[in-house]
Structures are given as C-alpha cells and as structure tokens.
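Two complexes are shown next, each including chain A; its partner changes from chain B in the first to chain C in the second.
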Partner chain A sequence: MTYLDKDLTTIHEALVNKEVNPKELADEARSKIAKTNGKLNAFNLVIDNEEYKESDSILCGIPYALKDNLSTKGIKTTACSDTLKDYVPVFNATAYEKLCDSGALLIGKTNLDELAMGGTGTTGNTGIVHNPWNISHMAGGSSAGSASSVAAGIVPYAIGSDTGDSIRKPAAFCGVVGFKPSYGLISRYGLFAFASSLDHVGVFTRNVKDAAIIVDHIKGYDKKDMTSIRDMDDVSLVNGLDGNIKGKKLFYIDEICNKDNYDNPKTKEMLDNFDSLLEKAKDLGFEVYKESVDIKLLNAIKPIYDCISCAEATSNNSNLTGIPFGPRGNGENVMDMMKDARTKGFSPLIKRRFVIGSFILQKENQEKYFLNAKRVRRLLVEIFNKLFEKYDGLILPCSSAGAPSLEQASDKITRNDIILENHLAIGNFGGYPSITIPCGFIDKMPIGVNITGKFKGDANVLNMAYALENTLEFKNQTAKGEF
Partner chain B sequence: MFTKELMNKYANDLLFDLSEEEVNLLLEEFDVIRENMEIISNIEGISEVEPLSFPYDITVSSLRDDEDLQNISTEDALKNCHDKIEDVAIVPKVVG
Partner chain C sequence: MAYHVIVGLEMHCEMKSKTKVFSPATNAYTPSANTNVNEIDLGFPGILPTLNMECVKKAIMAARILNCEIPKKMMFDRKNYYYPDLPKGYQITQNTMPVGVHGNIDVECNGSIINVSIQDIHLEEDSAALDHLDTMSLIDYNRAGVPLLECVTDPCITSADAAVAFLDTMCKIYQYTDISDADTKKGQIRCDVNVNLQDDNGNYITPKVEIKNINSFANVKNAIIYEYERQSKAYEEGKMDELIQETRRFDEETGTTVHMRSKVDAIDYKYFVEPNIPPFIIDDEFVKEIASQIPMLALERKQMYTDKFGLDELSAIVIVKEKSLADYFENCVKIGIDAKIAANWLNGSIISFLNKEEISISDFYLKPEFLKQIVDSLNEGTISSKQAKEIFNKSLEERKEPKEFISSDNKQISDEKYIEEVIDNILANNEDNIAAYQNGKTNVFDFFVGQVMKETKGKANPNITKELLHKKIDKS
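Coming up: the complex of A and B.
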C-alpha cells in the first residue's frame, strides 16, 4: 500500500486513522526517491530524519519537496549553481517557515535550471531532470525536479517558483497541476531572486483542491517582502471551491489559437484538443468567447520577458562573488578573486544571460531597451486588466506540443519563438493568478491547459479550474513511464 | 554594432571572463536580441507610456517605523565564508 501518490485529504485521513504514521510516509518517499532518482534526477538532497512540528493542520506529518532556490536554515540550498556550492542558509524562506509551522515534513530539495534561469530542466549543475512519462523527454523548467517528483507520485505536492512560466509549463509537460497565485500572495522572502518584478512562489499538486490547500497554508502578508499582499489573509481558497461556474465567462485569444497560424501537426493536434476542451467547458456551464489582441503586442511578450528578466537577474546576482559565501576564487586582489569565482562558478548559459542584461542596463541603452520593455509591459497589462473586467478568465493551451525530447532541449535565444510557447509570461507581467491543469496527451506525453484571471482573483481561478478538472479524467494521475 | 570586444567588455564589467565559444554564441544571440528589441521599439506611441516596473503601480505612502526587524549574528553571517578569522572575512590587502 502506498500513500504519497494519493491526494492530501486521503493521506491526512490515513494518518488520523493511524493506518500509517509520518515516519512510514517519510520512508515511502525516501524509498521512492532511492528507486527513481537514478533515472529522474528530481532531487539533489534527501532529508534523513522525520522532524516536524505537531499541529492540527491537514499538512502535518505529510512529506513534500521544495525547489532548491528557497532558503532552508541549516539545510544546503544551492539553486543548482556552482557559485553556491555547499551554501547553507542561516534563515528560512517565509513559505518554508509556514510549512514548518504547519507540521509539513520536508523530504528533499529538488533540482532546477541553474538559478532558475532556464526552461528545460537541463542546465543545473546537478544534471538533467527527466520526465517521468518518458525519461527521454524533458520535464520542463525551471522547477523541473518539483514537477517530476509530483508526477512520479514521490510526494503529493512540491513548492516551485515561476518567473516566466517555470511552474505552469513543467506542470503541463509532466501532467500535473501547477499554480502560481497573484504576485505577492505568497511572500518572496527567502526565494533566491531571479527577476524580482516577475518572481512568484507557487505549487505543484495532482489536483486543484490540493493546490488551494497548500497556498492557503503559505500565503499571507509578510513585512519582509515589500510587495506582499496585505488584504487577502482572511481569504480561504479551499472554501471557495464549490464547482459552481454557471455563467462564468472565459475568453481565448484568436491570434494564439488560430490553427491557420501553425504548420506543425502536433500544434494542430494541441489546438484540436483545446477545441474539444472548450466544448466541454461550455457543456459545464461556462460561456466561452473569442477575443483579439494586437499581434504586435503579443509578439513582444518574449522580447519583454528576455529584456526585463535578464536585466533584473544581472543586478540580483551581483552578490555571488565567492567572498561572503560560495567557493572562493583565486587572485592577488579582491577583484581578481571575484572574477575567478564568477568565471568558474556560472555556467555558459548564465553568463550569456548576464551579458545581455548588462547590455540592456548600459546607460546609453536603458531608455531604448529596458524602459521601452517596461512601457510595453504596461500596455499589455492594461489590455488584460480590461479583459479581466469583462471576463472571469483567460483559457489557453500551455504550449504548442507536449514535452520536447531531451535532444531538442535548448535555452538558446532563437528566432523560432512562437506566442503559444511564451504567452504564460503575461501572468508574470500582471501578477495574475494562473493555473495549469492536465488536459490530455499527444504521442503519449501529457499536455496542459492554463486558466488565468484578474489580480487577486485567485479563488475564482481555482474554482474554474476545479470545475473543469472534474469533467476531465486526469485528476490525481501519476506518470505511467518506466522510471 | 556587436563585436567580440564589446561582449568581453560587458563580461569584464560583470567580473567574469568568456570563452571564445561563449562569445561567438553571444554574438549569434545578440542578432536575435537586436531584432526582438526592434519589435518593442516599433510599437506605436510607447514614448507616451509610463514604464511599469512591477505587476501594478506600487506606491509607498508612508515610511516604515524605524524598528529592527531581523538580525543575523556575526557567527551566522560568517558560517558560509570560506576564509575568516575571528569575526571578519579574510581577503587580500586592499590598501597599501
């Protein structure tokens, strides 16, 4: 009998009924990690004790996994970067602290793209993370290990972070639920900053209700985060799940979903799946509308993201010098030591991103590049804010196909970027609550659909996803691959 | 416009070196970056738009009280420092 492949309520009831105890659950998780990590490489650290606080929370005594870019006091946290090799934080991230207070049982830290700056799960210093539906495919990134571990049934939930789509895209690729709540609903304190104006903490689960349960536990105003939301502490997301969506209005964007814009047969298959999903949504009681957004603005999504994220990352990671922490570089003076540490510590991908950021932040380029990107960010956010006054949510496929094979994995900036692969960043530009749920398969690999709603409309977004999930057959699924 | 010398200058400003291969890959990427930036620059009327630095306009209407919110002890602060003595990090002599 296994438990960690079940939903949180079932596991909690098993604990209450003394069918199982937290030590046995931890043993189950460790045993699954030992059995699978050689093939999946989801974890870089396994906790070998079962310390947890007694509490009356549903999370008490249940193992979970944490992306390795959230500070855990006394537990190594490296963001899969050589610059943070052996770094042991001296304080806790607020989200982790809240889970500790709930009695949740941390079982391990999950692998990510180095410093969360990637979308493939292949660039961390701990190696490639594999997709449990087919280990020759990527899990997606950057929260690759979190997505892979939940899909594999190792843990019922895992914490991730999302700057452009780093929870919602890997969730789609791994066939699980990925939820990024409103910007500031979960404190960013203790999350290693990538691009502060876009960074969110969020969660992977195998059903929508569990996502609501977790976020209810880790959200809340935090004076240590200047962008923390102050007026949602009393909101219960799980209590908002009644499945009543009759008359709720969803819209999709014609420029993104029009099959005539695509040649790839897999993308057409993806959009066929989306069409049938919209029919199911209508049958359920949703009203579904087609909207149009200026294609010039949609084409700007990826450039805006690249510009803002590289610029902010360049600045945020300037503290990785090897002097106060991290491996020391060699040199006869401090500057040479820092240069040696950074040259050896950052991977080629990270260095390229930082150079792009530096270029954008040069005094002579700021107006033309950095500020213009932020101006177009405003134009897009204003358009979507208006659309969210008219509609309850935006519904779109998460990607143009299922998880690419590892041979296709590339984080190189190319001309081939299509909007269907990049639109999830809208959720980061406007800080919107945004959720991915599994909605089918293409070539035996899972695909996902995304629902995004207005800022602070988290309860509504979750409830719409909850209703839709109940009409599909993918709730609580675990991966069927060989791993 | 984008040259190897420029790439190396930016890298040097950021305190790291680039290999020849990294520089060449960057030059390829910068061709795309330049085109992408033109997509942004060519959007009509953006000079009239106020930049958006966060998902929404953040306005701070008051100063926080001057209270001590957290303290990391010297011992904790030095826990991850690889070269230290007593309560300070050791680095090569900066002033002659």
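Coming up: the complex of A and C.
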C-alpha cells in the first residue's frame, strides 16, 4: 500500500485513522527516491529525519519536496549552481517557514535549471532531470525536479518557482497540475531572485483542490516582501471550489490557436485536443469566445521576457562574488578574485544571460532595449487587463507539443511556434493567477492546458480549472513510464 | 580676465534610525564588527528590502527644509557595480525620482548670508566599511545598509569658506531635526567635492575635478584651496594639458590631491528602478504633517537670541552650535531665568564643565530648574557669587539639588542682630586689638572680619559684618 501517490485529503485521512504514520510516509518517500533518483534525478538532497511540527493542518506529517532555490535554514540550498554548491542558508524562505508551521514534512530538495534560468531541466550542476512518463524526454524547467517528483508519485505536492513558465510548462510536460498564483500572493522572501518583477512561488500537485490547499497554507501578506498582497489573507481558495462555472466566460487567442499558422503535425494534434477541450468546456456551461490580439505584440512576448529577465537577473545575481559567501576565487586583487569566482561558478548559459542583461542595462542601450521592453510589457498587460474585465479567463494550450525528447532539448528556440511556446509569460508580465492542468496525451507524452485570469482572481481561476478537471480523466494521475 | 573657484558638493550623511534603511538590523554605532547585521545586509540569496518609513519621513523633512520640490511618488533605483564593500552587487538609491529636487538654503558665512542652490537630496543605503591592513582587508558589515542622505548642491559655491559654512549649516540642520548626529568624528559625514575655475562671465575655464570621499571639514577646505591653486597655476602658465576631467582623492599627509581615474574610465552604474520596492504615492497631508514637526533651526534661533533676548552675537553663536544647548537655554528663559544670565552660565561654567567631563548637555545634572535655584538665591542676595560657584560645583559633585546647599549650611546669615551679638563677643575679648586698630593698624580690621567668619563658619553676610564692625570700632 502506498500513500504518497494519493491526494492530500486521502493521505490526511489515513494519518488521522492511524492507518499510517508520518515516519512511514517519510520512509515511503525516501524509498521511492532511492529507487527512482538514478533515472529521474529529481532530487539533489534527501532529508534523513522526519521532524515536523505538530499542528491540526491537513498538511501535518505529509512529506513534500521543495525546489532547491528556496532558502532553508541549516539545509543546503544550491540552486543547482556551482557558485552555491556548499551554501547553507541562515534563514528560511517565508513559504517554507509557513509549511514548517503547518507541520508539513520536507523530504528533499529538487533539481532545477541552474539558478532557475532555463526551461529544460537539463542545465543544473547535478545533471539532467528526466520525465517520469518517458525518461528519454525532458521534464521541462526550470522546476524540473518538483514536476518530475509529483508526476512520479514520490510526493503529493512540491513547491516550485515560475518566472516565465517554470511551473506551468514542466507541469504540462509531466502531466500534473501547476499553479502560479497572483504576483505577491505568496511571499518571495527567501526565493533566490531570478527576475524580481516576474518571479513567483507556486505549487505542483496532481489535482486542483490540492493546489488550492497548499496555496492557502503558504499565501499571505509578508512584511518582508513589499510586493506581497495585503488584502487576500482572508480569502480561502479551497472554499471557493464549488465547481459552479455556469456562464463563466473563457477566451482564447486566434493568433495562437489557429491551425493554419502551424505545419508541425504534433502541433495540429495539440490544437485538435484543444478544440475538443473547448467543446467539453462549453458542455459544462462555460461560454467560450475567440479574441484577437495584435500578432506584433504576441511576437514581442519572448524578446521582452528575455530583455527584462536577463537585465534583472544580472543585477540580482551580482551578490555571487565569493566574498560574503560562496567559494572564494583566486586573484592578485579583490576584483580579480570576484572575476575568478564568477568565471568558475557559472555555466556558459548563465554567463550568456548575464552578458545580455548587462548589455541591455548599459546607459547607451537601456532606452532601446530595457525601457522599451518594459513599455511593451505594460502595453500587453493593459490589453490583457481589459480582456479580463470582459472575460473570466484565458484558455490556451501550454506548448506546441508534449515534452521534447532529450536529444532535441535546447534552450535556443528556433522553431516557428515561438508564440505558442512562450505565451505563458503573459501571466508573469501581469502577475496573473495561472494554472496548468493535464488534458491529454500526444505520443504517450502528457500535454496540458492553461487557464489564466485577472490579478487577484485566484479563486475564480482555480474554480474554473477545478470544474474542467472534473470532466477530464487525468485528475490524480501518476506517470506510467519506467523509472 | 579675473576668475574664481567654483565648487559643487555631494554631502553624504548617515542618518539616525532604530533600524537600517532596508533591513531590521539595528542602526547604531558599535565597536564590535559584524554584530548589527542580518541576511539582508549581507546580500544573501533570496533577501528582499523592506523600506524603513522612519527614514522616509526624515528624508522628506530634510527635503522640506532645503525648500525642495517633493515628487508625488516615492521610488528607488539600483546602482549596479562590483566592489567588496557592496554585498548585493548593487546599492539601492534614488536616481529617477529623488525625494527632493531644486531646493535652496541660506547659509551664514563670515557674517553674511549666501544662498546655496540644491540640485537634489536622496535616500540610499551605505556600503560596508573596509579596513585595509598590510596583508589583508577586513570587512565590517555593520555599516552596510545604514541609511544615508545624499545632498547634492549645484556648482554655485565660490569659496572654501562658503563650502565649509554650507556643510556646517547642513550638519546643524540634521542635528536640530534629529535626522542625524552628523558627527564627523564618527565618519557620519563624507563629502565629494567638485572643483573648477570660472571666469567672471560665468564660463568654466578649467575642467571639473571631483575629489572623492573627504571626511572632515578641514580637509574639504584644504582640498578646495589646493585644487584652486593647482588649477590656477596651470591655467596661468598655459599648461592646460595638465588639467583633465578626472576623479582625484585628497591626501591628508601631503595636503594635496592625487589622480584616481579620468572621465573615460567612468563607471556605468546601469541604474534601473528597484523592482522590490513598489513606488508609492506621497500625499500632501503626509508631507504637511512632517513639515509641522520641523523645529526652529539654528540660524533662526540665533537671530531670535540677539534680537529678542539681547544676547551678543558671539554668545548666540556658541549656544546654537548644538540644539541641546539651545534647548537648554530656551528652557532656562522659559522658567524665568534672565536670558543674559542664563547665557553667561551656559557659556561659562556649564560649557567648561561639559568640556572637562566630556559629556553632553543632555547628561548634565543641573537641569534649568536647578540652575534657577542658584540664580534666584544670588539675585536675592542670600548667596554670594563665590558661593554660587561653590554650590554649582557641589551640586554636580554630589548630584543633589542646589537648594539643599542653600537652605542648610550654605545659607548666608543676614540676621543683623545675630551678627552683632557675635561681633560684641569678639570685641569683648580683644581690647588690645581694638586699640591697635584705632591707633592706625588698619589691617587689624580684616582680623575681626576673619573672626566673625570663623565663628559663623563663613556664613555671615560679609557686607553686613563689615558695616557693623565699622560702626562699632571706627572712631567717631
């Protein structure tokens, strides 16, 4: 009998009925990790005790996994970067602290693309993270290990972070639920900053209700994060799940979903799946509309994201010099020491982003690249804010196909489906609540559909996903691959 | 054509606050390194700044005093550069929208008032302090994140004296408003000085030189004078190629300025808006309330002391040097001590006591109420001015109210009947001495006074004693 492949309510009831105890659950998680990590490489650290606080929370005594870019006091946090390979934080991320207070049982830290910069799960210093549906495919990134571990049934939920689509894309690739709430609903304090204006903490689960439960536990105003939302402490997301979506209005974007724009048969298959999903949605009581957004703006999503994220990233990671912490570099003088530490500490992919970010921020380039990117971001946000006044949510496929095989894995996008692969960043531009749920398979690899709603409309977005999930047959699924 | 020196100042002042500007670590001077530090000050991964509103209010107050325009929005920027004293790799400062712009302030310099125009004043965080030893450098992060106010003047100051007068005025403003202790000895004030020469038509005739990080007013003065001489010599001799737009530093030992880097090596700080501090509206009510808390400042008080209280210029200047002195003085006047008498006490015994003990007036035992006890007794003639001094010292020594010494053993005896009795007793036993006195040995008179004092333990009123003695033993 295994428990950690079940939903939270089931596991909690088993604990309450004393069918199982937290120690046994922790053992189950550890033995699954021991069995699978050679193939999946989801974890870089396994906790060998089962300390947790007693509480009356549903999460009490239930193991979970944390992306290794959330600060855990006394527990190594590396962001899968050589620069931080021995870094032991002295303070807790707020989200982690809240889970501790709820009695949640941390079982391990999961692998990511180095410093969360990447979308493949292949660039961390601990190697490639594999997709449990087929280990020759990527899990997606950057929250690769969190997605993989939930899909594999090792833990019922895992915490991730999402700057462009780093929760919602790997969730789609691994056939699980990935939810990034409104910007500021979960404190970013203790999340290693990638791009501060885009970074979100979020969650992977195997059903929408569990996502609502977890976010209810870790959300809340935090005086340590000036961007955190002050007026949603009283909102219960799980209580908002009544499945009543009669008359809710969804829209999709024609420029993204029009099959005529694509040649790839897999993308056409993806869009067929999407069409049938829309039909199911209509049958449920949703109203579904087609909207049009200027293709020029949609084409700008990726470059804007690159500009803003690289610029903020280069500044945010300027602390990694080997001076206050991290491996000390060698050199004749202190500037050379810092150069040495930074040259050795990062992979070429990271350095490339820093160089781009630095270039964009240079006085002579800022206006043209950085400030223009911010202007177009605002334009897009204004457009979507208006659309969200009219509609309850935006519904779109998460990608152009399922998880690519590792042979195709590349962080350089050369395909012609740039918009379809990058539109999830809209959720980060506007800080919108955005959720991915599994909606089918292409070539035995899972695919996902995304629903995004207006800022602070988290309860509505979750409820729409909850209703849709109930008509599909992928709720609580675990990966069927060999691992 | 005639020319003169033209100076612009960038004055950094460490602010007083309970906690640092973006972290909850204590903002206080401590000799033990790296104790007032938390993860935010160290720039650990995952930290976020939290803006200290106490600092914001004080910054707005400073902007108001400097007659600056205050923007409608409060926002911060990152200044990005690598240096071992900058743990995050960027400094949070205000570049796009400083808390105050386009201000001006009156400064008194050598007896006349000049107006210094202010380009901007902004709130930012300090870096860590570096201590360079022979074989290594040490970093003290206590200073990292300490709130700083940077005030930038226009290039409008035309002498070294005026520059120092401006800095002095600013320090007084900071002290009077409790924005800062502005203590140069503790390194709380640091200046960058921009110097070049301007002809009488207002044209700059030498390139601008920036002298970085000067930490005393004397050095500011010396640096300006040195630069003026260096630049004018090169100018006069036609050696303009010696002059370039550059950054120099002041060398205290030689009293000269030394080249650091030229304009072409200038750092691009890649400023951008700090994403972790959402801009917020500064509403008029907020500013108004802060403005209402601005106390009367030094220059205004000095004028009041001379015009209204009739103090001489010098006494007034000494008193307004420190707000606590000025407050003490005003409290004395408020409870009824004559202003000039209070000023005399303050500028005499009190300040010399403070200097001797190296304490500030806030730690001074004799509150104005206590001082009044001495002054009143002196006025009433119950004590002599010599006794007043003694009571002043005794009171400080024993930390007891002056009235205890006045009412008991130090109180003068002015009871004529009693003194007469004492005199009669003495005279009765000294007939030879009376005779000697009456035969012209006038110094015997002092002997009789001494005897009276001995008998009364020095408490007999000397004037009455003398008067009565004369009456009794002088030949009529």
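For this structure, a couple of remarks:
Note that the second predicted complex is superposed on the first by the 478 of 483 C-alpha atoms of A that agree within 3 Å, B and C clash if a C-alpha of one lies under 4 Å from a C-alpha of the other, contacts with A are read in each partner's own complex, and residues count from 1 in each chain.
The rule is short, and it goes like this: contacts are C-beta pairs under 8 Å (C-beta built on N, C-alpha and C of every residue); 3 or more make two chains touch, one makes a residue touch a chain.
From a predicted model like this one, the values you see are computed outputs, not experimental measurements.
When the two structures are aligned on the shared chain, A:N319 is found in touch with chain C, with no touch to chain B. Within the superposed three-chain model, A:L70 lies in touch with chain C and out of touch with chain B [touch as defined at top].
In the superposition on chain A, A:G103 makes contact with neither chain B nor chain C. When the two complexes are superposed, the chain touching more residues of chain A, out of chain B and chain C, is B. Looking at the shared chain after the overlay, A:P438 reaches neither chain B nor chain C.
In the superposition on chain A, no contact is made by A:G61 with either chain B or chain C.
Looking at the shared chain after the overlay, A:P446 reaches neither chain B nor chain C. In the superposition on chain A, A:G430 contacts chain B only, with no contact to chain C.
When the shared chain is aligned, no partner comes close enough to touch A:P397: not chain B, not chain C. By the touch criterion defined above, A:R328 reaches chain B but does not reach chain C. With the contact threshold set out at the top, residues 87, 90-91, 197, 223-224, 226-227, 314, 318, 321, 323-325, 334-335, 338, 358, 362 of chain A are in contact with chain B in one structure and with chain C in the other. For chain C in complex with chain A, the touching residues are 38-39, 42-51, 78, 80, 82, 84, 87-90, 137, 139, 141, 268, 270, 272, 275-278. Of all residues in chain A, those touching chain B in their complex are 86-88, 90-91, 183, 197, 223-224, 226-227, 296-297, 299-300, 302-304, 306-307, 314, 318, 321-328, 331-335, 337-339, 342-343, 346, 348, 351-352, 354-356, 358-359, 362, 368-369, 371-379, 381, 412-415, 428-432, 455. Here chain B touches chain A in the complex through residues 7, 10-11, 13-19, 21-22, 25-26, 28-30, 32-33, 35-37, 39-43, 46-47, 49-56, 58, 69-70, 72, 76-77, 79-83, 89, 91-92, 94, going by the rule given at the top. Note for the complex: chain A touches chain C at residues 69-71, 77, 79, 84, 87, 89-91, 93, 188-193, 196-197, 223-227, 311-312, 314-315, 317-321, 323-325, 334-335, 338, 358, 361-363, 366, 370.
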